[in-house]
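I've put the structures underneath this note.
Here subunit A shows up in two complexes: once beside subunit B, once beside subunit C.
This part shows the complex of A and B:
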């Protein structure tokens, strides 16, 4: 047995190292806490989002659900449902709505009414889960006082809502209280009951919200009399919400992985130094009768114990980071994909376990080399074990590895097609840069050394080169953090510029008005047509199709100067607009063009009998779906039942407010029916900001961790530096001079790192906009550069170095001569 | 009795194999003290390491009571070391992160042989009473070596293997440390095998050997 009673004392001896080296322990803790927190924080966000998607998928409202809805969001009449059932359509009705109590505190419940005879008794594998038990008593569910199924928390809220109510919710039509039944499968504040009770509470007598189509393979055209009122929503089996958002989460995961790696660099730095410093400790333990395997087992136990203890605050911090970022994530996912993510974080035990595993895996990975050395019984006994001369064989080895990594990056760049290969490419670029950094810094310093011939000058540069071996890991962390900031910052800033310009082009009309019904649309058109301040009324319409198993959206617009002059076209034929207007040609968004490899002049078979010529491709940021635009006449010609869309109105901006007031006065339009351009832009830009809030926050955290890595490296080094500087001091260089040299040297090294981070950051930014974005979201961005950002980041690198140098410099300033002399003695 | 027969050892160097010694035979009897002398690089420390089971020999046997150390695996050799040998190096003998007290009891705890009255006696003899809560970095070289001797003796092992235990000390400190070591070894009847450069020191032991051109003379 490897773990014996004596192991306790060996562990005691091993662990005691950390208490005597608090800076090393702090480095280890900061590194591991940062790695665990940033990784697990993002995983918490992803897990929360996935749980919400799963819940949504189970609650019928997934994009994956085949269904029938009323045209223009109108409720479906009971008689239409009955007619479909008589025609053999496998449909079941749903009644949905929000119930809000007037009490204080106010509660809002999502109520779903189901018809269990058609929903629960279906044999179709497509039937969605209801969250109700399989042994549900239909008799009790369907008859007074009825049953309401809800979560335990919702039950408490409903019981409170019962106080002092004598009619309506939560009483049934007979004035009785329904039976409240708890189902853990239902989300909080979600209630499920019989359709009759739901119709009563929601005042939707003889009406349904939508009809679920229980066999999505059921392919029959809607009867003519129903097609003007209903529309079939095709299931997007390959494009469910979790897949749509996969790229979004993958991006976050990649950034958190980078943060994890930067944290691990700190762990490696601490472990490497600790393992080297403990060489004599291992020798003594071995001499006292502990064999190599036993010692190895104890070291492993020590690492696992330490990392488990450190992982706990890391996980708590990760939880806090996730809670902090979740509102932004929730908003951006809702805005971009319509995916609802619960803003309250609830995590499974699996998340905690995975976090612990990541902490363990990271610690073991970071300690691998020293552990292998220990296992092979080859402790590095050289007194200068920590000093690496990059100009020698180590430099050649690093150069070889860097070349291999660069070659692999080129191979991946040319052959890779997937998003994962895009991230692999980024990983290989980072690896190459990390391998090259110490060599390049050494070369620059060697150049400096060659230029200075004085004794002090020689010492300055040679000593700086010596420091590289100690600071290499911290500098690599700084390089990665800076280049990521430049890369991601450049991408986000470039995207912001493009996006704002694109919004100006896309939202050229001043007002957008949406009608609730065809009748209202006609009335609106007639009313607007009489108003002189409305310079143009541009109607639109939409329809859904499936093209090569991919759901796409068809949009019809009235060709007008508003579009001709502004629409954000990426490429077009010369007479594109006239072809669209007169010859039934179409334009497609970039996503669809890339997805189906379509180009100008290609034909797109949108219906069985007609193909449409593609005459332009437009940018369509933020839209996960493929889209085809054509003239509204072409759309109605081929899809006569296309849904009426909003009207784009050209209005004199000065008269905008008065028009909106008159519209609301005449038609009692809801808030979401009249949107002015500025409000939409404002919403879009806010959504944009929140989408990248998590990215920016992670980016800043990585930079912070890298700065701490530099600080801890310098602190760890400070004692060693005293012994290295003692001879120079003894030779007649004052301590003030030494401090100045020390500071200048560090700032210079940080400056070289920042200078190298700029081209690397630009390369990262280029990969992000031309590779990652295209593969993740389906659209490319123009690559832009922002020198102001470089300046800011270089400055922040120098400030980080300055802050990191303060404590070691003070240590040097206030070290007694005795301490310096002692260092000199120790060296001898 | 510790008996080495036919011990050979060579090191690999960039210039080719370097033979340290061949076919060495040596016996350390109970309660006997033996000094090993020789020029720098002659292999004295290596021989001590081989006897302690810290380093394997290329050939030969090391017999300790009923055990043949050369036929044992690393784990078994470690157990032998814990039970039979106290090893004292020239420097870096102590665990820097443990207090003097914890250093003293370390091997005794591993061997589960800690006797408090014996430890108290040792502490008193070595003059470490006031230093027990200190850490090695707070001790002088002489104090550190006294703690190392204390650790080796606290485990009550029958053999002490010392590699130039006073090599890094000044003359006065070296004399004090050696006197203490020899007195305690004599008191406990422990066998002592000591690598040293000092002729004077060697003369104070029962027997003196010299490693010269790969042979013991």
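This part shows the complex of A and C:
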């Protein structure tokens, strides 16, 4: 039997080590808590987001759903639905819209009306789940007073809304209250009911919002009379929402994995030290008759127990981090991809379990080498036995590994195409850097050593070189954190510059006005035309197409200096604008160019009879869709039913407010019908900030963890250092001098690390903008460098080192001469 | 097809399955497919009705359920034999008055099947009344659900056309009425149990059929005989009736025979039928005149179903054994049942259709 009564005593003896070495215990705890918290926090975010995507897909909002929509977002007539069914089309209608209550507090609900007979009874595997319970009573769903399915919170809001309402929502057409049924599958303020009630409440009599195509292999063409009103959207898996957002989550996951590794480095250094210091304890235990296997089982049990206990606060912290980042994440996902993420975090038991598993896996991984050494039972009596001399065979072994890693990185850089290979490349670059770091620091210190001939100078540099073996892990953590900061910071900052500049170019007109109808558009035009302060009125129009089964947007603009001078083009033919104006040429956004591998001069077959020549490619950040721009005449010529878009107005900025007031007075336009440039920019920039808020926060956390790693290494080291410094002190160097040397040495090592982090960070940033971003988002960014950031980060590395050095220095400052003497004696 | 075809039940089943299956508090004892459920508020089936053709083809929305049922035994030019089924069920989920548009309480269910010796294909469609996706039009009869249709080609409905399509198959047949319509039971009042449950029931057993069947890429020209059943009721089954076995037979001598057995939970099954001579005279059969004995059972869809039968009518010197064209004629639809073409031999021979529910 492996586990015996004696095991309890062995465990007790093993665990007592940690109480005697609180610094090691705290290093272990901080490392493991940080690793677990950051990893599980990001996983919680990802899980929450995926759950929301699934819900959205269930609620038919997925871009992955085959469907029919009205041309120009017009509702679909009930007759057209019936006609399609009678032609054998497997479609089911949806009625969707927003409802608000008049009462205070005012609530806004998203209503989905379904037709359960056609939706729920399809044999097709494409049939979407509704989020309705399997025990739905169809009879009650379809019979007065009808049913409304909603979340518990929404139910409360609707119950309030019942008060004081005589007719209309939330009463049914008979003036009765419908039955409110609670389903957890529905998000707050989302309601699902029969199509009849939805049409009544949304005043969409005889109209449907869209038709879901329940079988996307259904390949019949639309009959002619319907094709002028409806269009079929067959999804392409490349463009489904989860794939788009997957890139985003992969970014976060990669960052959390980095944090996890930095945390594990700390766990490793604590374990390594603890295992070494406990060798005598192991000998005592084996001397008491506990065999090696038994001891190993006890050590493993100890590790699992300890890490499970530490993982719990780690998971709680992870939960907290996730709830803290979730609002930003949901805003940016909604803005970037139109994906809705529920802002209330709800976690599954699987998440807790996975967190615990990660903590265990991490602990075991970090303890693997120390454990193997324990198994080999190498004698290790000397206190400096674990000091590694990087100039020797260890150094050349590290160099070989670094060369292999660098070669692999080059191979991946040349052959990889996917996002995952992009991250693999980053991982290999990091590995190479981590392997090289101790060697490089050692070389720099050796150079320093060569410059000093005095005994004290020699000792200083040689001693610093010896410390590297103790600090290597913490320095690697610092290097990774610093270079990630430089890389990610550079990417975000570069993106911000590009984005703001792009917005300035793109939003060149001062005001954008959108008309509700053609009639209003005509009136607006006539009115604006008479106003002198309006220097130009630039109409636009839009239409939707499906090209290679991908939905794309066609935009028609009036070619004008506003666009010619400002529109942000990535590449163009010389006479691009005149070709667009006179020859029906088009320009396309970067996303579409990459998707369809189109270049200048290629043609794009937008309609069955005509191809359009591509004369320019423009950047279009934040748009997941492909877009084609052409002159408004070209658009109307080929798509006479194109929808009237907004007017861009060139106005003297001073007269902007008065023009807006007059417009509102004359046309009583809604808030979203008149947008000024500043408001749009402001919204876009806020969206941008939130997109990278999570990235930046994680980045800071990683840096924090690395600083703590440095601190704990120094604390561990300080007890060893005493014995090493005692002889120097005994030779007559004062404690103040020793403290100064200690501090300078550490700051110098931190500085070298920071200096090495800068080129590494630049390399990372280059990979992010030219490899990761292109593969994740579909657009490339110019690579920009920000020396100010480097300065800040170097400073923060030095401050981290300074803070980390304070406790050991104070320890030295207040060590009694007796203690130093004792250290000196022990060393003998 | 019948009557009792269980279709009705299907429908009900549908209801039960979809609607109530879900609400667990529903009573379980409602007979097959809920056809034994109470019918409060709906029109009741009474003796001595006046049923005429083609008016009987019209819908009867005041009754809770009804169905239009077509079966055909067909043969291609090359001698390949087929069975075809086309059914439309209507069920009201609440009694009159009729509500308009999407609020309409009529629910529609369509089933189609094509059977040959090696294959049995089927499909189903669901629709709501009130918007035109499914329904009945008169005076020139037209019944449809989605793109499946059964319609008269003239106002007297002497000629009809039936068609349906689904993934992998489609068919269209024209039907010519060559004999009179037949009122089942007592002038169309067809009793279904000793407790008095009944339906109105009319059949068109004399129909010549011709048309085409397409399976995958292959199209067959076919001819043969068809049978149409019209039945409506508000509570056609007794609560403890679990299912039925129903036959429609085209005898080679031109006579027709309809037989069914409603199975009670505890024996004492209820038997009924009509013997129809080739010249159109109908002879209702009393329960004691009918002997129906299941022979071989066949395992299909995990159930044991009696696919061969021994049928005896002493008063008509009829003693035959029936065999299925394809024993796997299982309609794995929302409400599942066995329905397929059969042949029979003995004192008489011929072809027909068999429907078995509640297995």
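Methods note: the second predicted complex is superposed on the first by the 678 of 828 C-alpha atoms of A that agree within 3 Å, B and C clash if a C-alpha of one lies under 4 Å from a C-alpha of the other, contacts with A are read in each partner's own complex, and residues count from 1 in each chain.
Here is the rule we use: a residue touches a chain if its C-beta (ideal position, glycine included) is under 8 Å from a C-beta of that chain, and two chains touch if they have at least 3 such contacts.
Since this is a predicted model, take the numbers as computed values, not measurements.
J.: Is A:641 touching anything from subunit B or subunit C once the two structures are fitted on A? First, second, both or neither.
T.: Neither partner.
J.: Which partner chains sit in contact with A:140 here, subunit B, subunit C, both or neither? Use first/second/both/neither.
T.: second
J.: Could you tell me if A:292 is touching subunit B, subunit C, both of them or neither one (first, second, both, neither)?
T.: A:292: touches subunit B, not subunit C.
J.: On the A-aligned overlay, A:6 touches which partner chain: subunit B = first, subunit C = second, or both, or neither?
T.: First partner only.
J.: Which holds for A:283: it touches subunit B only (first), subunit C only (second), both, or neither?
T.: In the superposition, A:283 contacts subunit B only.
J.: Between subunit B (first) and subunit C (second), which does A:735 come into contact with in this model arrangement: first, second, both, or neither?
T.: neither
J.: With both structures fitted on chain A, tell me whether subunit B or subunit C touches more of subunit A's residues.
T.: The larger set of subunit A residues in touch belongs to C.
J.: Quick one: is A:88 in contact with subunit B, with subunit C, with both, or with neither? Answer first, second, both or neither.
T.: A:88 contacts subunit C only, not subunit B.
J.: Classify the contacts of A:16 with the two partner chains as first (subunit B alone), second (subunit C alone), both, or neither.
T.: Once the two structures are laid over each other on A, A:16 reaches subunit B alone.
J.: Starting from the residues of subunit A touching subunit B, keep only those that also touch subunit C in the other complex, and list them.
T.: Common to the two interfaces on subunit A: nothing.
J.: With touch defined as at the start, can you tell me which subunit B residues reach subunit A in the complex?
T.: The contact residues of subunit B facing subunit A are 52, 54, 73-83, 85, 87, 89, 92-98, 102, 106-107, 109-112, 135, 151, 155.
J.: In their complex, what parts of subunit C are in touch with subunit A?
T.: Interface residues on the subunit C side: 15, 18-24, 93-94, 101-103, 105, 107, 123-124, 126-128, 131-133, 144, 146-147, 165, 167, 334.
J.: Given the complex with subunit B, which residues does subunit A contribute to the contact?
T.: Listed in rising order, the residues are 5-6, 9-10, 12-13, 16-21, 280-281, 283-294.
J.: With touch defined as at the start, can you tell me which subunit A residues reach subunit C in the complex?
T.: 78-79, 81-82, 85-88, 115-118, 120-121, 123, 133-140, 142-144, 173, 194-196, 199, 206, 215
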